Every structure is written in structure tokens, then in C-alpha cells.
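First the structure, which I've put down as C-alpha cells, then a few questions once you've had a look.
Should a chain be cited, it is by its letter among A, B, C, D and E, assigned in written order, with residues numbered from 1 in that chain.
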């Protein structure tokens, strides 16, 4: 059953993605000022958004773990963080490629960029910390704590760095600007791609949690074997 | 008599090594239980679990009816581990004062000086522990353990590097504690001393409980008996 | 027989406290001297001086005719202190390999595995010491001490937290070492075990040497005897 | 069952006794102060050679330099914080004692706080001399800013010192984890310090940053207290 | 009596086994490299708030920033150096063993050296990306400069560590005096790095600084070997 869901999601994501790609490169015209490169936006921003969403879902699961002490929640939030981390990195990489082309530099310390990087660092630390601890319950407890601190901090970072210089483009989506900034056709593809990437992320998380679950099973089985 | 300490089907795993296997043990309040077993049997593990310092994977542990991690339970337990748990750079007096404050002891001052005398450290009360001999450290650690009048005492090899007089002193302390209704669980390899004090005996081998029961007079006569009779590996 | 270890009028001061007062002691090579005394008597101090870890203010110390700090002397001594002196994060095997290299042992590999078996740690050779029980650590520490075939063994309370079997094993080791001509000085509070092994006895009280001489059979019968007869403070 | 504020009272008392103990030990051994102080002084001297300190730009980044050094020194202090409990297994004793986790955490934070303030004060003087910065223009506000920022650093340091205490690689892990978390706080501290070094700071900005500092302190102290029990278990 | 160069041989061997042991302990968990990387990134992140990194001046002080990071990483590494020997009284065992004090100190230095080089390499890469610095212009010379400077830091760091574990010398705050000895060396390293980052470094200056570095290494190493027997006693 579960495989079916995963596969279904993956297939859906793939189809949607290919459709979007076709639209992007065959249908949509080049952007006025930036030319062809603007298309990177269709992956750049959604990756970031999916990442952000992921972290906060992970936060809720961490809280759930602390309240219920059920390791399932822990592995769930852990896998979500890992997947989100991947997308954050995608966001940063695509971003800096874009930056290299548009701004001529790989990096600048703009609040959007910085907060993205801080986010990545915090949760990279999270992943490292998990690796460094063997004992499952201890690992779960500590990473839950770190996840909570991390998410709260990301919010503060976001708010605080806003007072800083920034040359990163502001919101372009009509839901945030009230429309007009982005060509509706483009925006449609933007949302479709966001959806595609979201599906992909969910599929990945499911696979990852599955791995975690089997790991837990194997662990307990090994214990039983050794106890006997 | 009510049971002060109860373990039911306790399993403790380190990674996938089972350090405690289905241990079920009940210690009546007011009794003194000697925890015996070879190196690596699981004595320390068991005591640390009772002190709330170690998770168990299966089973249940109750200290005076509470979970060991519960603050109420912690208030009533005194724990002496392998590490003596005093600060090298503080004097004996400062150490005890600190732990008295932490445990919320009333009239700490008198208690501390009182205990320093009982363990015969009054003379060196102002000396930093770094300068203590091993036995003096152990005495200080004992004072720290008894300081807040715990009703459950968990002592891991309390006789370590104590001289004859100190051992006599400790036996005294334990007797007094029992008179005041305290429950005592201690591990050791010095069987003679153990049998001399204990009212009950628990024997562990490879994480399994081999024997629990009253300490019989014959154990006193022939300390080796227990190991020979109840352990697969037998005597030395 | 030549004397392996000689102390002449040794005074050791910590600040203005005299931990050793005019100690004069000679241990024949090949003999096994038990260093007895109450807590804080000065046993560890004496052993640390012999190991070259502690300066003396007055007197003279000779180990195989050398000063203890001399490299030649250090090569021939094996020291086991209160701290067991192994690394928590290394496995038993790695620990021994390291100390073998440091001591410049030939064919370290075989020696190490050989010693791991002798102290019955072969099964857990790959386990980090952090996961060892106290007795297992002590065994490892013993292996570390014997590893480079020292001709003078300085053991501070070697029996600590060893079980009956391990104590038997250690006694074996010490006998073997003596057969190969090694000199042994060890401190302990477990008088029975001490008298069982020792060929000589030295009794310290408050830094003063109260008694030195052969271990007599009567000591074996009545371990308390020595303390009662030769110490001001007398028995417990 | 004791009432809430009775327990709160006890928590505070216990926290203070923890802090007092740590400071007493530190005064004996001077471990953290040696490490942190030596480091801070060295870096400040070094930097004063790297930049020609007379230049205006340097003056402009004075706050940045200072807080950079404090953050580093802090990491050195925090590494010791809980590590101090490891020998003789003192941490176990504390965890087995009735002491509440919250008070242990807060106690450590207070100790961190005090030590860090000392280091900061020393560095500030050294700094003033070598970069001829007039840092005493607005002593009250400056003190306020330092206290606020330092507490934030201290509590984070205590929390993650506790989280990482029995990890190998603690030394590297701790800064890796805390610095990203500290960034907003450090920014605020830097901006505010720079403002206060300048002759006539604009009240409005000052308030802005101060508010950020307060928010940070409150939020993270609350989080720390809430999570204390889950953090401090071995 | 073995000949002088035989003993020297053994000294080196023993030093290496000490170093290998320390590295083994440090690399127990494979994450140390990630940690180092993340560490470098976080520091650079911090720095970026302090300095306006796009500006030319920053490019000019790139060397300074880099060595600042290294110094901090070094401080973290060195504090462990001898502290690692304290639990279980391992230091006593080593001192009682035939091991010579000199080789113990050198061994520690080598371990410091290796760990620091790892961190430095990672930081250099990260640095290149964030501050787009072209550091690969003169790889050979750069490597040379790094090795020279790092050894100097490592050996002083070892002495520093030894002092901090020595109970008697600790109270004298000696570390605070020893550590700043690094400043001239760091300055040389910084100047040289800056030179090598620029397109066409002037050979003469380069040589000058290089010679300075060599001098320091020699002096510090000699100093350390001379002090070894006095520092490493308890």
C-alpha cells in the first residue's frame, strides 16, 4: 500500500515536472530584462519555499515527540529536516548560479540569502548532531530540542536581518504583491512547479521515514537476537 | 512490609548488548541488599537505573512507588557511583555545603560539620579534594551520599579503598541508616564485608538475576559458596 | 641479593604537611612487598615517588641503582596508579598498542593480543573503554602495566573492583613476574589478599615507616595482627 | 505539594548555588579565564595590527570586532561549562539529586554570563587602548546592551553546552551549533555597540536593537526552561 | 648508552605515536571534517556581518580574516591537547613511561598541526567562494606559508596546553603571556597570505615574511623543547 502511494506521488511529480519543463522552455518567452536565465526561478523559489515549509512541519513533529516520547515522530521530523535541507541547498545553489550570472558574484550578504544560509547551517548542525549520537532516545531528545530552537531562530533571523541592506528581489508572487509583478502565465507554471516539487519532497520523506522505521525494526530485532 | 524498590522484567540494552535481561527484584523497605556478581555482570547498570541515570528499554522500575526520574523519588535517594562525584578544586567542606544546598538540606552548616567528623575528615575539612588520598575521597563521597538523610541508599562498591577503620565506620553508618528505616542496595566484590552487613543478597550473572533471598549464616562462614552454587561459571 | 628499590631518609612535603617522614626502605629484587597503612598514610605518595611522578625534599631514591626520573629506570618500571591510565575513547586493543609503542615493545601485536587474553578481555578487545565496567577497566590497566615486561612493578591498590576470578588471575600474574625476577611493590587495604601474595610487608602510619620485614605465617592467620601490634592508633 | 512560587524560589536558589560553585572553581583554576582571556587579548592585538586602526572604517566596525571576539571567547567558556561536571561523574550526582534541571541549566547560564562579562570587560579596556575608541561615552546604555546580549549568549551556550557535553568533538560541535543561532543577537549587539561608540546615537535605532535583544533573551530563556528536562538527561 | 641520533630517532617515533593516538581519538567519529567545514562557514558568516565584504578593503584584509578563523580554530584544538590526558590520569602514565617529555610535547604539536591544517584547508575553500578570492594563484607558495605558520601556532599551542594542565603554573596566568607570542607569527602569515592572494606578489617581500616564519618556527620549537622538561612535571 505504502509503496503504491510513494510510487504514485513520484510518478505524479515526474509527469507534472516534465509538463512544466515543456511549458518553461517551449512555451514561455524569455523574460524581458534577464533573458533565458530567469527560468531558474521556477526551481529556485519553490525549493526555498518547500524547504521552509518542511522545517516548520518538522518543528511540530519534534514537539509531538517530546510530548509523546514516540520515536516514530522523531524519525518523521528527522527525515523531513533532511529532505528540506536538500531543497534549501538546491535553492542556494541555483540562487548563487543565478547570482553569478545576473549580479556577477556568487554570493552577497543580503538578508534573504543570509537567512537561507543560516537555516541551512542550523539544520546541517542538526544532521551532524544526529550522526554523533548513537543512543536513539537521547538522539531523539536532543535533535527535537535543536529543531525547536532552530525554527524559532530562523524566524528571528528573518525578522532581524530585514533591517539590513538587500539586493535580492522582493516578493513577485501576486499573493504577496497583490498582483501585477509577474506574468500570470509564468505564475501559473511557478505554482505548478511548486506543486511538483512539493510532491517530490513528500515522496522523498515517505521513503526516508520508511528507511528509519526499518532501521528501528532491525535494531530491536538485533537486540532480541542478542538477548536470547 | 512494603517494598521500597521494585523492578519488574527490566531489560537494559547498550546498543544491542543486553546488559540486564528480564530482571525482577523487590527490596523491602528497611532491608539491606547486597548486589553481587562478577566484573561486567550488570551491578552498576542496575544501580544507575535505580538512580534514574539510565533508561531501560523494557520493564518497570519503582522507587517508593515513584518512577526513579521523578523529583519526589530523587529527593529520597542517595547515590554513590564509581566516580566519587565531588569537585577536585573545592574543599571537603565546600563540597558538602554545595550538595547540601542542592539537596535543600535544613541547617546545612551543622549537618556538614557533623558529617565531616563522622567520616573523620574534620581535620582536613578546608583542604581541596585534589589533595586528598583516595580513601579520603571515598569517605567524603560517603558523607555526600548520606548528607540529606535519603531513605533509599544506592552504593556502588562503597568499600573501595577504605581502610579497616573506615569500613567499620561505614558498617556503623549503614546500620544506623537501617535503624532509621532506610533501604540500602550496595554492590561490592568484598564478599566478607558484604555478608557481614547485608540482610538480603542478589546475585547477577551476565545480566540475569541468579539468586535473591535472605543472607543465610552459612554464607558468612563460606563466602565462596554462593558463586559456586548458583553460577554456571562456578568458582574461580 | 641486590636491592632493586632503595629509599634513604626520604622526606616528602606537600606545602608544610610532611606526607613522608624519614622513610628508609630497601626492597630486594625479586621480592614482593605489600605496602600497608591506613587512609592517608602515604602509600600512594611513596609509590608516585618511586614512579618518578613526585619530587622529594630530602633523602634519596634509587631504582635499580638509577634515579626514578632517569629514562633507564622508567624503562624498567611499570606503574599502576589510582587513575587507571587508559583512554576512554580508544578500544582496549588500541590502548595497549599505543602504550606498547610508547614503551618501545618489540612484536607489539602478539604481546597485545596475548595480554588481552590473559586478562580475559579478548572478547571485548574492540570495545571503547568508555563502555567497560569498572572491573574491566582495572583489568585493562593491569595489562597496560605488565605489557612491557617491567622489572619493577609499582601497583597502587591493584585489587580494586576485581572479582574473585580476576584477583586469582592477578595473583598468578604477580607470581609469574616474580619468577622472571621482577620486583613488586603494591599497596592495598585488602589484607588477606595482600598477605597471600606478599613476601615482605611494609607498614606506614602518618608518613612514618612502622614495620618492615618478611611476611610471617601468623599474619596470614590473623590479618589484623599487624595493625594492632605496630600502630599507635591500634585496631579499629 | 509546595506552591508554584515556593518551587520557583527554590529553583532560583539552587541555580545560584550552582553558579556560585562554578565561579568558585573557576577562581581557583582560572581555566576558562586563561583560555578565553588569552585568546581575546591576542586577537584584539592581532587585529589592531591587521587594520590601521586610525582609519575611520575600523572605527565603524569596532562593534563588530568586539562581538566577534566575545563570541569566540564565549565558545571557549561554554565548552568548559558542563565539561567541568564530567570528572568524578559529578554530572550524574547532580542529575540524580533533587535539583531541578531548569535550575541546573540556569545556574550554568549565570556562571557563563559572569565569566563572559569579565572577559568582555577586560577586552573592552584593551580595545579602548589599542583602537583608541572612546567607549565610555554612554556607560549606562553600553552596560545595558552588554548585559542583554551576554545573557542571550550565555543561555544559548548553557543549553547547547548541555546538549553536546557527552559528544566527542564537543569543541567543534558547540560553535557550529550555537553561532548560527546567535547571529540575530550578535547583529543587534554589534549595531547597538557601534551606535553607542558614536558621539550622538539616534535613540530610535538604539531602541529598535534593544528591543530585538530583549525579545531574543526572553524567547530563548523561556525555551531553555521549557526544554530543560528533555535536554539534561543522559 | 644509545647514540644521540638513535635517541633522536626514537624521540621522533614516540612523538609520532602520540600524535597518531590523538588523531585516532579525534577522528573516532568521521564527522570531524564536516564539523570543521560547518565551523569555517559559521565563522565566515559571523565575519560577514562585521565587515562589508563586497568592499575592496575586505579583499585586502582577506588574509587577516582567514588567520583570525585559524587562530580561533587553533584555540579550540589546543585547549583539548593536554586536557585529553587528564581523565584517568593518563598524563601520569605517560610521564612515568620511558617516553621523553620532548617527544610528548612534539607529538601534541604534530596532532594540533594536522587537525589545524584540515580546518584551514576547508576554510580556505569556503572562503574562496563567499568572498570570491582567487587563492589558487600560487598554490605551492601558499601551501608553504600555511605549513610554516601552522607549525608555529601548533607548537606554541602545545606549550599553552601543557601550561594549562600544570597545576602549579596554571595559577600564574602564564598562558595569557605565552599565547600572545603568536602575534608576530600571525602577522607574518597574514602579510604573506595577502601577498599570495594578489596577482603578482613581489618576490622580495614574500621572501622576507617567509624567512620570518622560518625563524619563528625554529625559535618556538627550540623554546618548546627546552621548556619541555620544566613544563611537564607535576
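The rule we apply is simple: contacts are C-beta pairs under 8 Å (C-beta built on N, C-alpha and C of every residue); 3 or more make two chains touch, one makes a residue touch a chain.
A quick note: this is a predicted structure, and the numbers were derived from the prediction, not measured.
**Student:** Give me the chains shared as neighbours by chain A and chain C.
**Tutor:** Looking at chain C and chain A together, the chains touching each of them are B, E.
**Student:** Under the document's definition of touching, what chains do chain C and chain E have as common neighbours?
**Tutor:** Shared contacts of chain C and chain E: no chain.
**Student:** Using C-alpha centres only, name the chain that sits farthest from chain D.
**Tutor:** Between chain D and the rest, the longest centre separation is with C.
**Student:** Using CA atoms for the superposition, what rotation angle relates chain D to chain E, in steps of 5 degrees?
**Tutor:** Value: 175 degrees, nearest 5.
**Student:** Which two chains have the most C-beta pairs in contact?
**Tutor:** Comparing chain pairs, contacts are most numerous for D-E.
**Student:** Farthest from chain A in C-alpha centre terms, which chain would that be?
**Tutor:** Relative to chain A, the chain whose C-alpha centre sits farthest away is C.
**Student:** Roughly how far is chain A from chain D, going centre to centre by Cα mean, in whole Å?
**Tutor:** 32
**Student:** For chain A and chain B, what's the span in angstrom between their mean Cα positions?
**Tutor:** Their C-alpha centroids are separated by 51 Å.
**Student:** Quick one: report the Å distance separating chain C from chain D, using the average Cα coordinate of each chain.
**Tutor:** Here chain C and chain D have centroids separated by 46 Å.
**Student:** Using Cα averages as centroids, what's the distance between chain B and chain C in whole Å?
**Tutor:** Averaging C-alpha atoms per chain gives centres 28 Å apart.
**Student:** Can you list every residue of chain C that touches 2 or more other chains, as numbers and ranges?
**Tutor:** Residues 82, 89.
**Student:** Would you please write down the residue numbers of chain D that are in contact with two or more other chains?
**Tutor:** 29, 87, 168-169, 173, 176, 179-180, 183, 187, 233-234
**Student:** Where does chain A touch two or more other chains at once, residue-wise?
**Tutor:** As it turns out, chain A has residues touching two or more other chains at 114, 118, 121, 125, 128, 132.
**Student:** Got a list of which chains touch which?
**Tutor:** Taking the chains two at a time, the touching pairs are A-B, A-D, A-E, B-C, B-D, C-E, D-E.
**Student:** What does chain E use to touch chain A in their complex?
**Tutor:** By the definition above, chain E touches chain A via 29, 31, 34-35, 38, 41-42, 45, 48-49, 53-54, 129-130, 132.
**Student:** Where on chain B does chain A make contact in their complex?
**Tutor:** The touching residues are 11, 13, 15-18, 21, 55, 57.
**Student:** Can you check the complex and tell me which residues of chain B touch chain C?
**Tutor:** The contact residues of chain B facing chain C are 14, 37-41, 44, 82, 131-136, 138-139, 157, 160-168, 189-191, 224, 227, 233, 235-236.
**Student:** Would you tell me which residues of chain C are touching chain E in their complex?
**Tutor:** Spelled out, the residues of chain C in touch with chain E are 48, 51-55, 71, 74-75, 77, 79, 81-90, 94, 98-99, 101-104, 128, 144.
**Student:** Quick one: in the complex, what on chain E touches chain D?
**Tutor:** Contacts found on chain E: 25-26, 28-29, 31-32, 35-36, 38-39, 42-43, 45-47, 49-51, 57, 61, 64, 67-68, 71-72, 75-77, 79-80, 86-87, 160, 164, 170-171, 173, 175-176, 178-180, 182-183, 186-187, 190.
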